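Just dropping this structure here.
So that you can tell them apart, the chains are marked A, B, C and D in the order they are listed, and the count of residues begins at 1 in each.
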Amino acid sequence: MSKTKQNPSPGRLGVWLFGAYGGLATTLVVGTRAIARGLAEPRGLATELPIAVGIPWQGLADIVFGGHEIRTGDYVSAAAEIHAKTGTLAPSLVHALRKDLAAASKNVVAGVMPNAGRTIESLADRKPKAATSLRAQVEQIQRDIRAWQRQHRLDRVVCVNLTSTEPQLKMTAAHRSLAAFEKALDKNDVRAVRPSAIYAYVAATLGLPFVHFTPSDSALVPAIQEAFAKSNTPWMGRDGKTGETLVKSALAPMFKYRNLRVLSWQGYNILGDRDGRVLANAANKKTKVATKDALLPSILGYPLHTHVGIDYVPSLHDLKTAWDFVHFEGFLGFKMSLQFIWQGCDAILAAPLVLDLVRFADLAKRRGEVGSMPHLACFFKQPIGVAEHDLHHQWQMLVGYLERVRSERAR
Amino acid sequence: MSKTKQNPSPGRLGVWLFGAYGGLATTLVVGTRAIARGLAEPRGLATELPIAVGIPWQGLADIVFGGHEIRTGDYVSAAAEIHAKTGTLAPSLVHALRKDLAAASKNVVAGVMPNAGRTIESLADRKPKAATSLRAQVEQIQRDIRAWQRQHRLDRVVCVNLTSTEPQLKMTAAHRSLAAFEKALDKNDVRAVRPSAIYAYVAATLGLPFVHFTPSDSALVPAIQEAFAKSNTPWMGRDGKTGETLVKSALAPMFKYRNLRVLSWQGYNILGDRDGRVLANAANKKTKVATKDALLPSILGYPLHTHVGIDYVPSLHDLKTAWDFVHFEGFLGFKMSLQFIWQGCDAILAAPLVLDLVRFADLAKRRGEVGSMPHLACFFKQPIGVAEHDLHHQWQMLVGYLERVRSERAR
Amino acid sequence: MSKTKQNPSPGRLGVWLFGAYGGLATTLVVGTRAIARGLAEPRGLATELPIAVGIPWQGLADIVFGGHEIRTGDYVSAAAEIHAKTGTLAPSLVHALRKDLAAASKNVVAGVMPNAGRTIESLADRKPKAATSLRAQVEQIQRDIRAWQRQHRLDRVVCVNLTSTEPQLKMTAAHRSLAAFEKALDKNDVRAVRPSAIYAYVAATLGLPFVHFTPSDSALVPAIQEAFAKSNTPWMGRDGKTGETLVKSALAPMFKYRNLRVLSWQGYNILGDRDGRVLANAANKKTKVATKDALLPSILGYPLHTHVGIDYVPSLHDLKTAWDFVHFEGFLGFKMSLQFIWQGCDAILAAPLVLDLVRFADLAKRRGEVGSMPHLACFFKQPIGVAEHDLHHQWQMLVGYLERVRSERAR
Amino acid sequence: MSKTKQNPSPGRLGVWLFGAYGGLATTLVVGTRAIARGLAEPRGLATELPIAVGIPWQGLADIVFGGHEIRTGDYVSAAAEIHAKTGTLAPSLVHALRKDLAAASKNVVAGVMPNAGRTIESLADRKPKAATSLRAQVEQIQRDIRAWQRQHRLDRVVCVNLTSTEPQLKMTAAHRSLAAFEKALDKNDVRAVRPSAIYAYVAATLGLPFVHFTPSDSALVPAIQEAFAKSNTPWMGRDGKTGETLVKSALAPMFKYRNLRVLSWQGYNILGDRDGRVLANAANKKTKVATKDALLPSILGYPLHTHVGIDYVPSLHDLKTAWDFVHFEGFLGFKMSLQFIWQGCDAILAAPLVLDLVRFADLAKRRGEVGSMPHLACFFKQPIGVAEHDLHHQWQMLVGYLERVRSERAR
């Protein structure tokens, strides 16, 4: 059924998830197994499109998941909870995969969360492993990943950060160089880190490709980018582009082409679930909104009135709804409007992106690429190091990369 | 104010409008004069974007309008009528331009409309010039255009078809070759033509670039394309891409990139005005819907359930409103939706496209280009001879053309 | 859990469903059993509101379902099919009720469908019982109902018509009096009937209260109303008011109160499923649209431009979506708009209305009421014999009736 | 043209506007004169509906406007500014009324604004009249109104508060009794008042009916209600129900009738203009949101998740747009949604309400009614002293009042 069977899979790949029992991670694990077993189409995966044919992608059947989590649980019950809320992850499918999911659940261990902020801390019900210092926490995670890799005889590992949005980190001298950051770790300066910084640092020290799928700004500070460079490791972030922002970046160029002046672009997102609850907290929301707001002036080429609202509506759970109102001016200054309403399930939209990113990150590592992966810009709300937000240009960047890979292989 | 002043204008350009007093034509004439006199920004014009800098565009101040019309009137009163209905064309602006508009009104003469269909015929209140045969009609239009060109000492002329959508023409052998078509004219076979066929044929015989902005299918049949080729003349059509279809062609690629399967795309357009009245007639609507419907399968690459509705809502006049409902399937087959609501004034959206097309057609003629102009695909719902409907690819085609023109000029 | 337990249930009530395995009927049967067993709240039932306290409603636990159906099947598999399409009727709930549903399935027998129209006939896969004449069909249904009533020792029976919308019936002399109608039956004049006419006639002859929940116009012609009068039986119809029309009738009075002139009210309904497929057929749609269209002029008090569109969108199944655009004029003639988008599951919306109507019809029969039940107007798109379409007035009619019943009981 | 001519007008009525040059006041003055002169229909006026026939309403032609304003200006230029922004108040209409408007402009004098809050104070460009103390300010306003009444030989006067939303007033002992309030005035305790408190107090002392159309909470504190009682004067408030809240109060009862549980009701309002600018300030917005938020639990009868957002979008000016998302649960707990989008011009919606309220307040005064006017609840977002928010019940209250008035007159 899946095109993934066309290529001989290049060995066994481990995918380590920070935030392993969240809605997105659970959907990812269930979905990957479902596709691997031929129980679902590989819908949503760019790496299964015609443009991606001929690339030696990791086969989905040979992916092994593991990860850290601050809440207790297992994939079968997490999936049941998700189904009750959003209707995704049908019980019959989960039942068919129950053995795979039980096996995956065994690979989830207690996470650490230094300085996560109160909102996230309140979600934790799993005692973090005894870790008296940041250094000890770093080493604990390193040991967890290496032990799991050995246990499952994994040829390669990719790390993915799927944890909740953290409050913004105050940038200081400690984040400007690897040496300064490591000194802060040595001094156990907890205020200098957020959990995501620790996760990214661990990946860098182990030389594992890192996909930073959340908006948290601590993960990819210069100090950590330096650590990735030092270990010759590819990475990319941040904040998966799934819903309203995706539509925005697809539509905004149209106004540019037609020389229609956008006067105001108001966007309102409503969502429930853990994600919504975390974002209802002002400090965490600020991080998120920041990654959503730069896009329009960048595409359109002029400053304009924009607003990005995010509100918590518990009854929606993960069925995110967004209303955007675009007010624009045309010939002779006449004002007109375009509105759109997006109704999607965030985990369903994000999970295939994560799978795509894992495959791309793994490919980059095998190809010896180091540092940020700008060709993956189309997957992120704030593609670090890429000024381009136009979805269609970003797509051309991806297509161009695939063509280069293919032509290099053909030689 | 306008960038048009940067280039020395390449002489005087006549623009002959078939359908000279319609809402679009009136908005075009008022707007062109407003920009030419510095009373309005050149909003909505792609030829005024940064990508179009350095091309010797026709200056707007040196454009002279003329045309055919089946209804009596003049631009000042047509503009007042439009303002009362839609709020565009402010009375103060029209007052400031009253002399220009009176002058333009003098260039409008009675049109011909062989076999226009009953709905269009019912709109006519201007006695068509006595024309006993198709041949006589052709000659009459030729004489009208030539006389006006001489009178105004126009260096060049571009013809634009802005008439109401005609019922579909039954294609016969008469449309397959120029010889057969001319034989039909000679035999005065009225059923073989619609007014648009005559207009296009006249432009071809006079060697004048032709922009076919309406959906009518009679204008650019093979016989007439042959006529344009014979006189070394560029042409393009059909049906300006202004509203719902524009948004569609901007959004659909997003679903493709993300491997989100579109299950259904329902579009409903409501509009009033002459345009809405003509389209409320089933025969005329069929022509329109046909040009709107091919787009999605072409962009997405698979057949899908689509619907394009057009309904007449008199109270809206030209303030066209469209609701589109897009039902799509993501990861694990989960169904989600995107809706958009477009509220625009059709004439305001279309007028700058016509100006752009006139400039491009004129440029092509001066550059010695012949036949269809595929680089203008982004302006049309059904770009004749171009299979590409993806707005962003079409845009790249335009950008590429402009780069070629610029680089050729630089040599 | 349910308030239904407050009253001692007045015996056992049979509910005979014409169209017993459709989405609505299946949802009704599953939901009634779920509430009866305390597995669901009585959400959606007006008879469980505070205004309905103190009325001797039939207890849901003592309702027995039976019915006619033209397709083979059973409730467990019908429910599974529905769940797969719309996400309603959770497998865990259906599993918990599997014995109840198996029992209910035994009460479904093959139906008859004289002159149903091709679209409906194409749905049938259950051979109608051998019935050579209309009279024989009538007698067959009478026997089916009586046998089931005896078998289950039912104290009373209510009949409900839930069959698909039929093509409009051509009204003739045969429908004006009971005598003429019965003569047509005697002559086996199949063209004079539709299936719904036969169902209603049977209910009338058996003296069973009849709820006509579909738009079909054949059921309650004067001849059949006469038959109900003759057997002292209450009845009401037609076409349950569930979605877009409900909202319309709730909103339109607001425009009246404010003296805001509605210029146009455009409504577009999209839906899939058997219902959508039947309505995609022009003849059946005509019946439906007719019941939807009279409402606005009646509430607003003046003629206006309205449109009710219904289009078939298979991927939606029963998740009906409607977009309404209301264009209105306020102070100084300024035009403004209100739009609404309704997204509901039709069977979920309709099932509690059917339960309410069954209870009301049963109550009326016990109270000795005869003929149409105008106090039930708020449940119908086209309440027969009631000119009032304003939902709030209709609601007051219901409230007034309940107060009368309560005060009569108090005496 | 207007029905107002049916009744002999009961003398000359003065309408004193606090906030005389705002968008609403300007629209009110232009519109009243337009209807009086037969240049516009009395659209939007409930007092011109069939239910209001036979009541001795004040004739519109015999209304004289006057008022206070903190900004300089005149009606002709205010109207031109409004037209440029929203397209209302057509220049041709304003031109036809220019003499009436010039006359009305002469009746506008500089206002006072003790403790108005910074946002409102920043709007003032008209030096408030020298007023060294609150008492002096009160007397100044009293003199202004009396002088104008004498000058124009007005039989009666109604006062209307149309000023911008003020920050919430901290309620203290000074607001609980008239004696305490007057003591605060005597002590010149500026913190105990907002401008609206002064306006209402003045109206009360002069025995003039008072319509409090804005959300400001200072105007109708118990102390001032006592002052109105003392002078036997009718009053009503607060916050005219024009847009989103109107629709809400019309739609919410539908969910109640159908026993559909509303889970969440999210409302987002976007608007520009002075109103939007004032509300963009958090303190002023708080006052507004408070009046919008109590409605749903009151109508539905249970607490629910609600949100009312108001954001400033300069390009919209007074063309307020609102999106509401209603998430509700039906039969078997299935979740569905209703969304609406409201696009209206606030001043156009509000002006006829003000005219209606003036007529009702004047009628009440003539009839000797004292204190609050609960029958006017349907005109207000927060009808003081009325718990009923259901628009339809409020409407019945109005209809009942009119019937009582009519029947008393008939005696």
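Here, a contact is a pair of C-beta atoms (placed from the backbone, for glycine too) under 8 Å apart; a residue touches a chain by one contact, two chains touch by 3 or more.
All figures in this text were calculated on a predicted structure; none of them were measured in a lab.
Undergrad: Indicate the lowest number of steps between subunit A and subunit D, counting one step per move to a touching chain.
TA: 1
Undergrad: Go through A-B and A-C and name the pair with more C-beta contacts between its chains.
TA: Greater number of contacting C-beta pairs: A-B.
Undergrad: Whole-Å distance, subunit A centre to subunit C centre, using C-alpha means?
TA: Centre separation, subunit A to subunit C: 49 Å.
Undergrad: Can you give the whole-Å distance between the Cα centres of subunit B and subunit C?
TA: Result: the chain centres lie 50 Å from each other.
Undergrad: In angstrom, rounded to a whole number, how far apart do the mean CA points of subunit A and subunit B lie?
TA: 45
Undergrad: Quick check: what residues of subunit D touch more than one other chain, meaning two or more?
TA: 87, 329, 339, 341
Undergrad: Would you mind writing out the residues of subunit A in touch with subunit C in their complex?
TA: Subunit A reaches subunit C through residues 87, 91-92, 341.
Undergrad: Can you list the subunit A residues touching subunit B in their complex?
TA: Contact set of subunit A toward subunit B: 27, 30-31, 34, 40-46, 48-50, 87-89, 93, 246-247, 250-251, 253-254, 256-261, 301, 329-334, 336-345, 348-349, 351-352, 378, 391-392, 395.
Undergrad: Would you tell me which residues of subunit B are touching subunit C in their complex?
TA: Against subunit C, subunit B makes touches at 263-264, 266, 268, 270, 305, 307, 309, 311, 313-316, 321, 323, 325, 327, 329, 335, 339, 341.
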